[in-house]
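The following pair of complexes shares a single chain, chain A, combined with chain B in the former and chain C in the latter.
Up next is the complex of A and B:
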């Protein structure tokens, strides 16, 4: 029982880190970014390169990778997505193409074999009779801290108010002199950085290989549908629901069936309540 | 009227060239390449019929292809049924999946359909690996019988299927039906207020598209004589989408040109093996930016206009 509580929380934390960024860039810029999983993959590969090949300590590598991926995300938004923003389908196409370019680049450079990303802590902790890897607990803590920091950033800073304003009413925000194009770049960077952080934290206990970007997109989409497109509180609640649902299925039935949960949840939710639990609301 | 004749003439000429080519250059290699191109043609045409006309892009066409191919594999090996049963059975299975995916998502506006199809295909590929006891896992199903023993005759059969489906789909696209689908792409709300059951038309066109794609999957299974989870991969869908974009969206026949062009290019790029998918992805980005109308269909439009002496 306690096992389910702990492992469900860790899974949910990773999902939340992925889904919050995915929904943020949609809520603010109406960009459905299928390259979101690539940021996650680049995070994991970045950590692998800087630690295993360049020999940097992970504590130094992490901020470098997060910053690098954030800049990459900003670049993708500026060069490829922005000229296409008129059409939502063109954005979907171009971001999926970017995702495949990244996947193929990783494949050509590193090959298809699994890579090991080092963990921050190797100790195992015993909580009430359940063995938990320290890395998993740290992931939980980092996720809560990162999402909390994002929340504080959006609520407390000037830039945050600008993001919030655009997500509530893009036209009115523009009339108030908010440079929405520049804000989209910032939001893309935030979203990409958060995904990269998730990749670095989850890397040690996940399979790091070139096509690893696909499942996160599937999960993030399911979460965003359940929580409501564009709603961050919705995506956090839905991340918890999906994380725990998958853990319950894994323990109750079989780990084989966990992958179905996200697609079943997506389709069921679209039948029952397409707007998601939290409907269309502003970013926070 | 004259334009129609030029269209017909062009089509007959293209079919004749494709059918006679393997007789002129007698090589199994060429027959293989053309068979694959024709199968990709079937997939691209079916994608274009639904997504090109209604503007609802399907990022998981590989789902229907994979379902069709695995249906053929199962019937032929596990239940050892005659290979010819694969074709109707794969159509039925693909249609079932089209209904499962289409009914919840196509009622809605927004990007739900595109993303749900992508998710569906990704998860099906995972399931093929997870339930390896039944699906053969990474290796897939081997030992599928060929539909027709002679490769040349099989190629002609595939070509015939391609021609028939294209003729039917083009006819549908140019009928009232196609007009409605194009109107949906233009303005869904207006169609609805005109009393059209928009959801029905979208789902029905997905069902047709999926059925054709599933049959193409079965043909592919009986050509490769094995099926693997790779059929469900997102790159399969992207390859098809790139082919349609190269051909020119919503023209249907253009998609065949795109399929031929890209399959032949792939063969020329054989030496670059691993770079193939990279080339596709970059080509897609470049087309989206610089040639949003595509290549094949606009070229044909220009050609026929000059042939008919400037009348448009």
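Up next is the complex of A and C:
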């Protein structure tokens, strides 16, 4: 029982880190960013390059990689997405193209083999008889801290208020003098940085290979559909639901059934309540 | 260009030129090299090794003057892991390149899709990567149609299942006295086929199979599975992994300091750098392999050294197969004194040569023979610093079995 609580929490935390960024950029800029998983992949590969090849300690590499990927996200928004923002379909296509280009670039540079990202902590903890890898618990802590910080940033700072204003009414916000283009860049950077952080934290115990961007985008998509596209509390609740549902299925039924949970949840939600639990209106 | 129809005269001249060059072809072909077509997944290590091993074998044959006075050469077609692309690769090799023989393969699904196209092109095919027994079973079903198909390596999945059972009964039960085992594998066709055979064989050998489960190939979190295995009180965990999950599994097994040692078929763990790719977390894992740098035959160590010298890598199983396949073909052509397909097939059937992993002979289904002096499945353990030791079969043992560091204290 305790195992389900702990492992479910870790899975949910990773999902939440991925989904919050994904939903944020949609909620604010109406960008359905299919390249979100690529930020996660670049985070993991960045950590691999800086630690294994450049020989930097992971503590130093992490902020560098998060910053680098955030800048990359900003660049993608500025150069590729901004000129096409008028058409959601064009944005969808260009973000898909970015995802494929990143994947192919990783293939060319690193080959198809798995790479190893070192762990921050290499100890095993025992909580009430359950063996948990230290890295997993740390991931849980980092995820809670990062999402908490993001939430505080949006709620408490001037820039955060501007982000909120745009997400609520972009036109009115612009009339108030909020520079929406610059805000979009900031939000894209936040979203990309958060995904990169997830990649660095999960890299040591999940797979690091060129097509690793696929799974996160599928999960993030399922979560925001369930939680309501654009709603941060919604995606946190949905991440918890999905994380625990998968863990329960793995314990109760079989590990071969876990991957169908997210797909089934997406379908069910789209049929029953297209706006998601917390969404104000259907996003599609 | 459509505005200017070709004049009748120009057309006649062109036609005459083409006809003349076509007439000259047979004359030139006698001097032309024997062309080997390689079909493989070029992005993967199995594919890179196929090509590098082919280069080594071809250089060796050519250094001795080639075959029947003709040099060997090769062309490559990428079959990826997708049946459609695989069929196109065969079409490219047979129709465009008109190769004399095809060597390659990796994914059984792709090879099975390619078979009809290979046989209708009446080109000899020497498989070096796919293990499904269904591939060579076709030869028995309809010899006349499918006689072009041979498998030089690896030993087929049925032989692999038998080797696994022998290892469980001989090593795990016999030597280590580990009676309670758990079996897990990824949910793929060949694993679904293999696991029931394995379970039955292990039970008959006296093992107490406590837990069997297949997991989805995209599973990213093994904690629930590991904890179920733990509560089954198994003493050894047998795994069947091929494509997706080896690295994640090794990492999570190690990170949890899982109290049960593991081993079995793990295709990724055959790679020499697997240990480094998972940050050393596969320590003590036993992984089945077809050859490692050990004196299995007089050819094993020289081949490993030559491969390492040329590429800086350690070869995987497709390399052994390709190297042996090209030598087997060259010898068959030499004996047949021609490249005529039917004559060469008859000679290939008589093949008996020393290969890299064992003696190479074909059974009546054109499948490579396994066990004893032929190719075996070796159980190789990852030890400190990424060294590897053959643990089973006992006759080939090259080191002592270790336990995971957290269990040996």
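Everything below uses one rule, namely that the second predicted complex is superposed on the first by the 280 of 284 C-alpha atoms of A that agree within 3 Å, B and C clash if a C-alpha of one lies under 4 Å from a C-alpha of the other, contacts with A are read in each partner's own complex, and residues count from 1 in each chain.
One rule holds in what follows: a contact is a pair of C-beta atoms (placed from the backbone, for glycine too) under 8 Å apart; a residue touches a chain by one contact, two chains touch by 3 or more.
The structure presented is a predicted model; accordingly, all values stated were derived computationally and were not measured.
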| item | value |
| --- | --- |
| Fit-or-clash call for chain B and chain C when the two complexes are aligned on chain A | clash |
| First (chain B), second (chain C), both or neither touched by A:63 | neither |
| Chain B versus chain C as contact partner of A:148, first or second or both or neither | neither |
| First, second, both or neither for A:179, with chain B first and chain C second | neither |
| First, second, both or neither for A:256, with chain B first and chain C second | both |
| Chain B versus chain C as contact partner of A:131, first or second or both or neither | second |
| Chain B versus chain C as contact partner of A:107, first or second or both or neither | both |
| Which of chain B and chain C A:215 touches, first, second, both or neither | both |
| Contacts of A:206 with chain B and chain C, given as first, second, both or neither | second |
| Part of chain B, among the options 135-143, 171-179, 243-251 or 297-305, whose backbone runs into chain C after overlay | 135-143 |
| Touching both chain B and chain C, residues of chain A | 107, 215, 256, 259 |
| Partner chain A, residues of chain B touching it in the complex | 55, 57, 59, 100-101, 103-105, 107-108, 110-112, 114-116, 118-120, 122-123, 126-127, 130-131, 234-235, 238, 241, 274-275, 277-278, 280-282, 284-285, 288-289 |
| Complex contacts: residues of chain C adjacent to chain A | 43-45, 187, 213-216, 218-225, 227-228, 244-245, 247-248, 251-252, 255-258, 268, 271, 273, 276-279, 406 |
| Residues of chain A defined as touching chain B within the complex | 32, 34, 80, 83-84, 88-90, 92-94, 96-98, 100-101, 104-105, 107-108, 214-215, 217-218, 221-222, 225, 229, 256, 259-260, 262-263, 266-268, 270-271, 274 |
| Footprint of chain C on chain A - complex, ascending | 3-4, 7, 10-11, 107, 111-116, 118-119, 122, 124, 130-136, 204-208, 215, 246-247, 250-251, 254-259 |
